[in-house]
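Report on the following structure.
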Amino acid sequence: MDNPQPEIRNRKSEDAPWTRKDLLGIRELSVAELTHILDTASAFKEVGRRTIKKVPALRGMTLVNFFVENSTRTRTSFELAAKRLSLDVVNVSATASSLAKGETLKDTAHIFQANGADIIVMRHSSAGAAHFLSTRLRASIINAGDGAHEHPTQALLDTFTIRERLGRVAGLNVLILGDILFSRVARSNIHALLKLGARVTLCGPSTLVPRAFEQMGVTVTHDLDSVLAEADVINLLRIQHERQRKEYFPSLGEYTALFGLTKARAARLKPSALIMHPGPINRGVEIDSDIADGGRSVILEQVTNGLAVRMAVLYLCAGAR
Amino acid sequence: MDNPQPEIRNRKSEDAPWTRKDLLGIRELSVAELTHILDTASAFKEVGRRTIKKVPALRGMTLVNFFVENSTRTRTSFELAAKRLSLDVVNVSATASSLAKGETLKDTAHIFQANGADIIVMRHSSAGAAHFLSTRLRASIINAGDGAHEHPTQALLDTFTIRERLGRVAGLNVLILGDILFSRVARSNIHALLKLGARVTLCGPSTLVPRAFEQMGVTVTHDLDSVLAEADVINLLRIQHERQRKEYFPSLGEYTALFGLTKARAARLKPSALIMHPGPINRGVEIDSDIADGGRSVILEQVTNGLAVRMAVLYLCAGAR
Amino acid sequence: MDNPQPEIRNRKSEDAPWTRKDLLGIRELSVAELTHILDTASAFKEVGRRTIKKVPALRGMTLVNFFVENSTRTRTSFELAAKRLSLDVVNVSATASSLAKGETLKDTAHIFQANGADIIVMRHSSAGAAHFLSTRLRASIINAGDGAHEHPTQALLDTFTIRERLGRVAGLNVLILGDILFSRVARSNIHALLKLGARVTLCGPSTLVPRAFEQMGVTVTHDLDSVLAEADVINLLRIQHERQRKEYFPSLGEYTALFGLTKARAARLKPSALIMHPGPINRGVEIDSDIADGGRSVILEQVTNGLAVRMAVLYLCAGAR
């Protein structure tokens, strides 16, 4: 337990002070707050390169990983981020919780808090669920995805990856491709990118990328080939074919023909363009398999950065309580 | 790991020495033993108020949380109590265990012990399951609920809460309300309360609160309104409507009308009366929603005290091996 | 964290140096490598006898327990071995992983690695799955069972138990009994035993113990009573009656009559013979219940040795990265 902290403490008091106990979404964050999280994550990323990838920062505190909607990927990332901060972690799944016995969400969360939870990380199928709890509990509430609303840590790790790789976010052309309508990842990314000065273009089938998104300040197009060449970043959202109840596009094959990042399309991207995907990827659907593994793909780096970003979020929110 | 122990060690040798490796039920405990657990829990509750809520007391020891009958609430409480004592914890659920492959309970438990388990916390649907293992294993067996028999740590946390809030247990009128027949919580509470000198009244539908309970030394009534005003404590048991196979009462609505703690009934309670519930609560069935959240309700405090009580039980039983 | 390491480090550099980042099977190991693992396990077994059964050897490193095929027994053993080495452990089950969303095995494993996994312990229903990952990832891959191919740590703990109990492996007569055809445990044991100089006899119904095994250098018989008396070790494999799709033997009763270790047969074993079983045992099928609990049975000792062997494997593979 003698592993030194990264130099975060001083920085914290110097620039943008973080005062939020919760992270509910990107929309409500100031540019200074966004930047402060990313800066803090940079310091924590350094911890991940040490032999002993652990700091005692939050030792003796408790995190409940409460995934009412299952997601091993995000749950695991938060669990590992928490363990690197020396938090004690308890995982509670939807079916295992007392929700299954008819307990209200508020009561379930209050039980976690009474059990000593300092931080509750929650994924829930209802938009606003994290916000609902945040106003009722002393514990920090970290939104790990609420319905089609927000998934703030995904947007933070995407933005972190862009900033680290390309040196800045302002002025970049970021193309988000795919199922925007149902995507909390898209919503959180749009907020983060616009706040930091990027130009955002959304592209996909008109059923999944309605014109109404233009009100957020982005460009909407349904013609991928017309916008491909100018993108500095292309972020491919997963086609959640296991979730689509109605038919939003004729077939996976047709989706790939019109919106897949094939080898031919990848050849038209800038040599410096970043190819991103929040995962899990459908090889051969949203993206050609070789392109997913190619030099411009930062898909696995996004995962690694997710750890650093989540450490930062946990650290800042716990510190603000 | 430099967090100081609470002042427990010395006390342990002074007064009532604890010599049991197992906690199977309240019935077999002496008054001195009961009191010793509650005193030890008081010391551990103080740990829960520190910034670093952890002591190295049981570091390097292993606890298996073996819930043959699922219960996230109790499992989580034991898991957190164990982690605060620096135990390593492994969770094993019913379906995941080799019981599903036809292994005997004894063999499954022996495997845990051979794997280094120092403590096995077990919930099981059969009364006597914990006792069965306790005589066959060197490991400490902690009964986290066995059929309709006992749930000793629930009774300990209830008693702890009463003693801490009202300063004593002896001489108090404690009213236990609801499904007594199938309730291990009721059985363990009755034993603890009577041993510590409380007067216990049971109330509920005659199908769920048979007169036979009077043999335990308690008063049985089916008329809530006749006993409400004299209660110092009212403990509302959960109507486990998901478990009732036969009809023990006409309907939930009728149950509430006759035995629910409505606003009107709550108004007739003593101003100092404690309102308790082991959870998860059915708002609007056993208890009015506002009353559950009101000033006399100690429902969440019970949860917090559960951590301290379980830390005490783990600490004492591990030390007695 | 001031618990001393066992004296392993020096030994490591002296004799057979271990250079493999992965443990995929026994077949490819040299005698020196096999012996080195067993020697290292002896040192770690000593840790299990301490009050604080923990060493800081792999602190700050992360292990993912990835059981695509469920096994609480083996998963728990690896989890506890890892915690004794101060590793952080994350459990991921088949259904919980993104495999369920159509992600490839390689992608899932890459995500673990990007999340900081230093070691991935994997059980998988396909032979070769661990090998497949080992060539594609920097992380250590530990095979915890792949199809009917290998289960190396089971063979190591079996061999460790024989060597510790009987002082040697070379020259011993080891009889492996039961379902050999589908058994990765049998395959790994045959490799380990032959490498260390034991004579191996396989016995069971001809449908489950085909003559073709003789090509491995073992003796095959279908007449248990003819080979019983000369065995120094008898290793009873589990009849996995829940998995047998076709009929490989007429009935469990008939299996017991011909191949069960009954009291009568046990009486014909050498007094010094070891009775082993990887578990979970079917009492009354492969083995008489009293014999399973008798003095020559080392079934629970195998479990305890499994912890030491797995600590050794994790320690050596992590150190070789």
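Order of writing sets the labels: A, B and C. Residues in every chain begin at 1.
Methods note: a contact is a pair of C-beta atoms (placed from the backbone, for glycine too) under 8 Å apart; a residue touches a chain by one contact, two chains touch by 3 or more.
Here the structure is a predicted model, which means the values were calculated and not measured.
If touching chains are joined by edges, the resulting network of the protein chains shown connects every chain directly with every other.
Between the two copies, chain B and chain C, the Cα superposition rotates by 120°, quoted to the nearest 5. For the pair chain A and chain C, the distance between C-alpha centroids works out to 40 Å. Chain contacts: chain B has residues 1 touching two or more partner chains.
Residues 1, 3, 48, 50-54, 70, 72-73, 76-77, 79-80, 83-84, 242, 279-283, 300-304, 306-307 of chain C are the ones touching chain B in the complex. Across the interface of their complex, chain A is touched by residues 1, 59-62, 64, 88, 90, 92, 96-98, 101-104, 107-108, 110-116 of chain C.
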